[in-house]
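Below are two complexes that have chain A in common, paired first with chain B and then with chain C.
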Partner chain A sequence: MKDRYDHENIYWIPILIIFVFLLPLILKGISFSYKYYLFVLNLAGIYIILNVGLDLLSGFTGLVSLGHAAFLAVGAYTSAIMVDQLGVPFSLSLILSPVIVGLFGFIIGFPALRISGMYLGLTTMGFGFIVKRIIISFRDWTQGSAGLEVSSPVLFGYTIKSDLDNYYLIYTFVIVAIIIGRRIATSKIGRSFMAIRDSEQAAEASGINLSQYKMLAFFISGLFAGFAGVLFAHTSSFISTDHFDILLSIYFIIMVLVGGASSIYGAVLGSLFIVLLDNLFVPLIEDQIQLLFNTQAGDIQSLIFGLIMFLFIIFQPMGLYGMWLKMRIYWKLFPFNPRQRFT
Partner chain B sequence: MPDLIIDNLTMRFSGLVALDEVSFSVKNNEIFSLIGPNGSGKTTLFNCINGFNKPQNGKIYFNGDNLLGKKAHRIIHSGISRTFQNVQNIPFMTILDNILLGANSRIDALDTLKRCVSRDQRKTEESMALEIMDFLGMANYEQKFMMGQPFAIQKLAEIARALVSKPKLILLDEPAAGMNDQETREIANIIRDIRDELGVTVLLVEHDMNLVMSISDRICVLESGKILALGKPNVVKDDPKVIESYLGEPLDA
Partner chain C sequence: MKKIIGVLIVIGLFGSGCVKRAPSPGITDSEILIGNVQDLSGPMKELGAIIPNGSNMYFEYINDQGGVHGRSIKMLIEDHQYNPQKAVVAIKKLIEKDQVFCMFQVIGTSPCEAIRPILAETGTPLIAPATNSGTMSDLTKQAGDLIFHTDTGYDRQAEILVDHIMEKNSDAKIGLVYQDDDYGQNVLLGISRAESKYGVTVQKESYQRGAVDFKGQTMNLLKGGLTDVIIAGIVREPVVIMKTAEAMNFKPNFYGTGPTIDARVGKMAGSAGEGFTATNWSYMWNSDYPGPKLYRDLCEKYDIPQPYIGLYHYYGFATAMVLVEGLNRAGKNLTRNSLIKGLESFNEWESGTFPPITYNRNDHAGVDKVQLVQMQNGEQVVISDWLE
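Take a look at the complex of A and B:
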C-alpha cells in the first residue's frame, strides 16, 4: 500500500544536534561570561528532561501534577546517597535511581485512579510537602536542611568536573530523552494517553485499561524526573531541600504550558524560554524595577512568570509550539489566505 | 446459531428500572435494530453489552463467552466494538491516529517496542487504518485534525475506529443522528457493506425509521425497558402496540 502518512521532515535533526554540540565552542568564542551561559544551559537541559516527562503526564494524559519538584528531589537524593554513601557506581545509579523514582510515581499514581483535575493537583502538591519533610527528618542520610555535598559524576573512569563536561553529559541525555519522548508520544501509548484525557469512554471501548495506563503515565513521568534528578545532583555538586520548593513545581507547569501542552517539542521550547528568561533577562531589569518599587529578589521573577502565563493562556493557548505551527502554515500558504489559522 | 444471546437482563438505577427482563438473540451476520422512544433503555442495553453498566440480573453470551464478568476494556478482545451516540473523538489528534486508537487491541507490547526502533511498524499500523478508511470512502482525510471536521466525517471516523479492531459484532448507536438525507443514504449503504463485505454482525440503535426499515433483518422495539415487539420490519411496522407507543398513526388513517 502507498505510504500516505506525511512523515515529518527529519533532516534538520542532525544539523540541530551538531549545533547543540558546537554551541559551547561558539559561546566561548563570543563571550567572556560563557561559563555562566553554560551553567544556565545545563539547568535548562535538566528541566527539559523533566518537562518531557511532565508533558507526557500532564499534557498528554491530563493528570495535573504539582509535585514534580518532589520527584526531582527524590531522584537527586537517591542518587547522592547511593553513590556517596553506599558506593554504587554513577553509571549504575543513572539506571537505578530513575527506576526508584518511577516506582514512587507509581505510588502517587494510585489517587489518580479515583480523582482528577484540580484535586489531583492538590494531592500531588501534598506529596511534595511530605517528601520535603521526610528528607529533612532523615538526618543521618541527608543531613537535614543543611544540604548535601555530592561528588562529581564518574563515567568510564573519567571524572566529569567542568561546566563544559557537564554540558556534554546533560545534552547527550537531553537528546536521548527527546527522542524517547517523541517515540512514546507518537506510539500506541501516546495515543492511549490522549484518549484518556479527552474521552475516557472512547478509550475504554477501544480496549485501553484506564488504571493501567494512568499508572504507566506516572511511572514514565517518574523515570524522566528521576533522570533529571540524578543529573541535577551530580552536576550541581550541592543539593538541599530549598532547591525543590513547591514554587519550582509550579514553574514546571508554567514551562509546559508556555511551550504548548501535549507536544514534546513544546516542553523543550518552554523550558528553554523560561530558564533563559529567568537567568538572562530578569537580572537585567531587576535593578530598575527595584528602584521603582520596594521589592524582594524573588518577587520580580514570580511577577514576570505569572504575567507570561496569563498572557499565554489568553492569547496563545497552544503555546510556543502552536505559534510555530501557525507560522509554518502561514508561510506555506503565504500569498493566499494568510489569515489561515491552525485547526 | 445465535451469535449474541441476551437472557433475562435486568438493570436498575436505584429505583428506575431501565431494562426489565429483556431476552433476545442476534444471529450471526444479521442487521438487528433496536428502536423505541427516548429513555426506553436502548443505550443502557449497549452499555451492558459493552461493560460500562453492570446489570443486576441476567446473562449476556457472545459466541459462548459470558460477557458480564468482563471489564469494559476487555470486551473488545471478545470481538465487540461500538460507537457512541454523541461522538467521542480525540480532537487534537489526526483522523488517522484517532482510527489507530481502535487498533490498540491488535498492537501488542512487542509491536510497540519495535515501533521505537524501526519505521516499518508504523507502516503496518497505518495500513490497518488506511484499509478501513478506503472502505468507508474517507480517503484523503487521514492527515487532517479531528477538530473542526464536519459532523459526518466525525461519525464516519468513529465507525472506522470501531471497525479497525476487526470485530465480529459492531454496536452502532444512532449512526445517522444529525445527518441529512444524502448522508443517511450513504450510512445505510455503509452498514450493508459492513455486513456483506466485512462479515460483521450489526446491532443498531436508530431513530430514522426509513433507514431502520430498509436495512434491518429484524427489529426489536423497546418501551420502558420491556420488549414490545420483535420480528421482521414489515411485521413490526404494522403491530398496533408499536404504532400506539412509538410510530404513531399514519397520516391517512
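Take a look at the complex of A and C:
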C-alpha cells in the first residue's frame, strides 16, 4: 500500500538538517560576529516552534489567536518557576510546562466553540491581558513586573550556556516540531482541522466533532507555544511581562501570514523571514537611508518594516511558501506556462 | 582537483575564524566606539532622541579638544522600543557585531535587567544606565560589578519625599500613584520602608504604562481625603493627574519622583501644577554651577534646537561627563578592566553637573541624594539642600 508521504520528494530533508547543523560552523568561519547571527537565529528558532502550533490553529483550523504571546509567557514562567523554585529538572519541565500551557489553551478553546473570526481574536487578546495581570499579581513566584532571572538549561548534567549550545538545543527541537507539525497536518486530525476551517457545517455533516477538534487545536497549539516558552525562558536568562506584549502576538500572526497560512513550511519561512528582516536587513537599509537623510533611527525602522509587510501582503497574499510553489510549478511547466497564472 | 578546492575552502572558512581579535574591542589608536540602546520608537521615544543628543554634544566637545588620550569618542545608538527582548538583540548586535568597547546609558529598568547576562558573559561595562532604579547599583546581582549607576534610586527618592512630607506635617495622609512595572516596584520598596519608619499607611493607586486617563485613580485619592500625593510617573501622568484633580476641586500637595522633574510638567499643567515638587539628582540645568554653565555654552556653540534643551538633554550631557572622566582615568592603554578601575577611583569626584560622586569596589551607586525642586509662578525653584 502506498504511504501518504510517498508522493513527496523528501530526499532534500536530510541535506537540510545537515546544513542546519553545519550553519554555526560556517558562520563562525566567515564572520567574527557570528554570535550575534546565532542569537538572532535562536530567536527565530523559538518563534518557528511557536508558529508551527499557531499555524495549526489559525492557518489549518481557521481559529484566529491574538494571544500567543501570552501562551509563550505561561510556558516561560511555568518552566522558570518549576526549575528554579521547585527544583524540577529542566528535562522534566520540557514535558510538563508545554502540557500545562496546552491545558491553558484548552480553557481558552471554550469560547471558540461559540465565537469565531474577529471576536475570537479579541477574546484571545483579552487572555493576553489577563495573563499579564496574573503574572504581576503572583509576585512571590514571578517577582511581579520586575522580571525574573532564569537559570540556563541543564540536560544530562551539561549546562547549556553559549549561543552555540543554545542553537543546537533549539534547532534540534525545531526539527522535531516541524516533523510533528507536518505529521499532524497530514493526518486525520489535520484534515479535520481544514474541514472545520473551510465549512463548519460540512465538517459536522461529515461526522467531525466540532467542539472536540476545536479544543484539540487549541491544546496542540498551546503545547507548541509552551515548548517555545520553556526554551525562551531558559535561553534568555531573564523574562518579564514586557517581553510578551500584544505586539508580539500580532508579530506571530504576521509571521504565519507572510510565510503562507495553512502550510507548516510557510510558518517556518515566515518566522525566519520576519526575524531576519527585523534584525538584520531593516537595520542595513536604515543605515543607508540615514546616510542620505537626517532621520531618527527608530521611526525609519518601523516605516521600512511596515512598508515591506504592506507590499508583501498586497503582492504575495499566498505568502512565501505560495511564492515558492508558484516558482516550482513555473519551472516544471516551462516553457508552456500561461503568463497570467504566474503574475 | 575538486577535492583540493573543497579542502582549501574548508581550511579558509575555519582559518578566518581563528584570526586573533584585539584584547579590547572598540578601541583603535584614534577612536573609542561605545554603544547606546534607547527607546527611539516606543512609549518613551521623546527621551530616546533627547538624552543621547546631550551626550553626543559633550562627546563632540571632547573630540574637538583632541579626544580622550588622543582618541575621539563615537557612539552607536540602537532602538529597543522599551521592549527587553529587543534590548537584548540590540545589545548583542552592538557587542558582537559592531564590537563596541562599552555600553552607555541604556534606557529603562526592564531592558537594563534583561541585558545583564550578556554584560556578564562578555565582560562589557555599562556606564550610567538611564533609569533611577536602585536595583542597578545592586552589586550582588548578575553583572553588578560591571554597572556604574549615576542616579539616586527610586526607592531612596520615595523615602526622601515621605520624610519631607512627614517633617512638614506629621498628620499627613499620603497617597501614591505609581506605574505598575519595574519602576513602580522600586518606588513601592521605598514607600514600604517609609511606612514602617513612620507607622503610616500610604494609599496606593496604580496605572498601566502609557495610560492617558486617570479619573479613577484621582477619584480614589479624593475619597481617601489625602493631604499629599506622590506621583511616580514620567511627564504626561503628573500633568493629567493634577489637571484631573483640579477639575474635581481636589487640592492636595503634589510631589513627583525623578522622571517628573521635566520643566514641561509644570508648564503643561498650568495652574494645577503650581506648587508641584519633584526630586532632582543633579544640579539644575539652568543654575549657576560650573556644569550647567558649560552645558548652556555648549548648547549655544553646537546650535542645539531649543526644544531639546532642558533636563533630559542635560542628563545626557552630565552622564557623558562621568564616562569621559572614567576613560581619562583609565589611561592611554585603555581596556575594559582599566575603565572599571578608572571609575572605581572616583572619590567625591566633582563634575559640576552631579553632586560629588564616589565609586569603589563595594559601591557603584553614584549619586545617593536629591534636592527638591518646586514650581513657583511657572518657574522651577530649588527649595531644599541635598537630602540623603
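Quick note on the criterion: the second predicted complex is superposed on the first by the 309 of 343 C-alpha atoms of A that agree within 3 Å, B and C clash if a C-alpha of one lies under 4 Å from a C-alpha of the other, contacts with A are read in each partner's own complex, and residues count from 1 in each chain.
Definition applied: a residue touches a chain if its C-beta (ideal position, glycine included) is under 8 Å from a C-beta of that chain, and two chains touch if they have at least 3 such contacts.
Bear in mind the structure is a predicted one, so any value in this text is a computation, not a measurement.
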Next on the checklist: After the superposition on A, what does A:L92 contact: first (chain B), second (chain C), both or neither?
Outcome noted: neither
Item to check | Superposed model, chain A: greater residue contact from chain B or chain C | outcome: C
Next on the checklist: Just to be sure I read the superposition right, which of the two partners does A:S187 touch: chain B = first, chain C = second, or both, or neither?
Outcome noted: first
Checklist entry - First (chain B), second (chain C), both or neither: which does A:I285 touch? => result neither
Next on the checklist: Going by the contact rule set out at the top, does A:E204 touch chain B (first), chain C (second), both, or neither?
Outcome noted: first
Item to check | Footprint of chain A on chain B - complex, ascending | outcome: 50, 52, 71-77, 81-82, 84, 88-93, 96-97, 100-102, 104-105, 107, 111-112, 115-116, 119, 122-123, 126-127, 130-131, 142-143, 145, 147-148, 161-162, 165
Item to check | chain A partner contacts - residues on chain C that touch it in the complex | outcome: 12-17, 19, 21, 38-42, 45, 48-49, 77-79, 81-85, 88-89, 92-93, 95-99, 109-110, 113-114, 116-117, 135, 142, 180-182, 184-186
Checklist entry - Can you list the residues on chain A that touch chain B in the complex? => result 1, 3-7, 180, 183, 187-189, 191-192, 194-195, 198-199, 201-210, 262, 343
Checklist outcome for this item: The chain A residues in contact with chain C across the complex are 25-26, 28-30, 32-36, 39-40, 43, 136, 144-147, 149, 236-238, 240-243, 245, 247-248, 279, 283, 296-299, 301-302
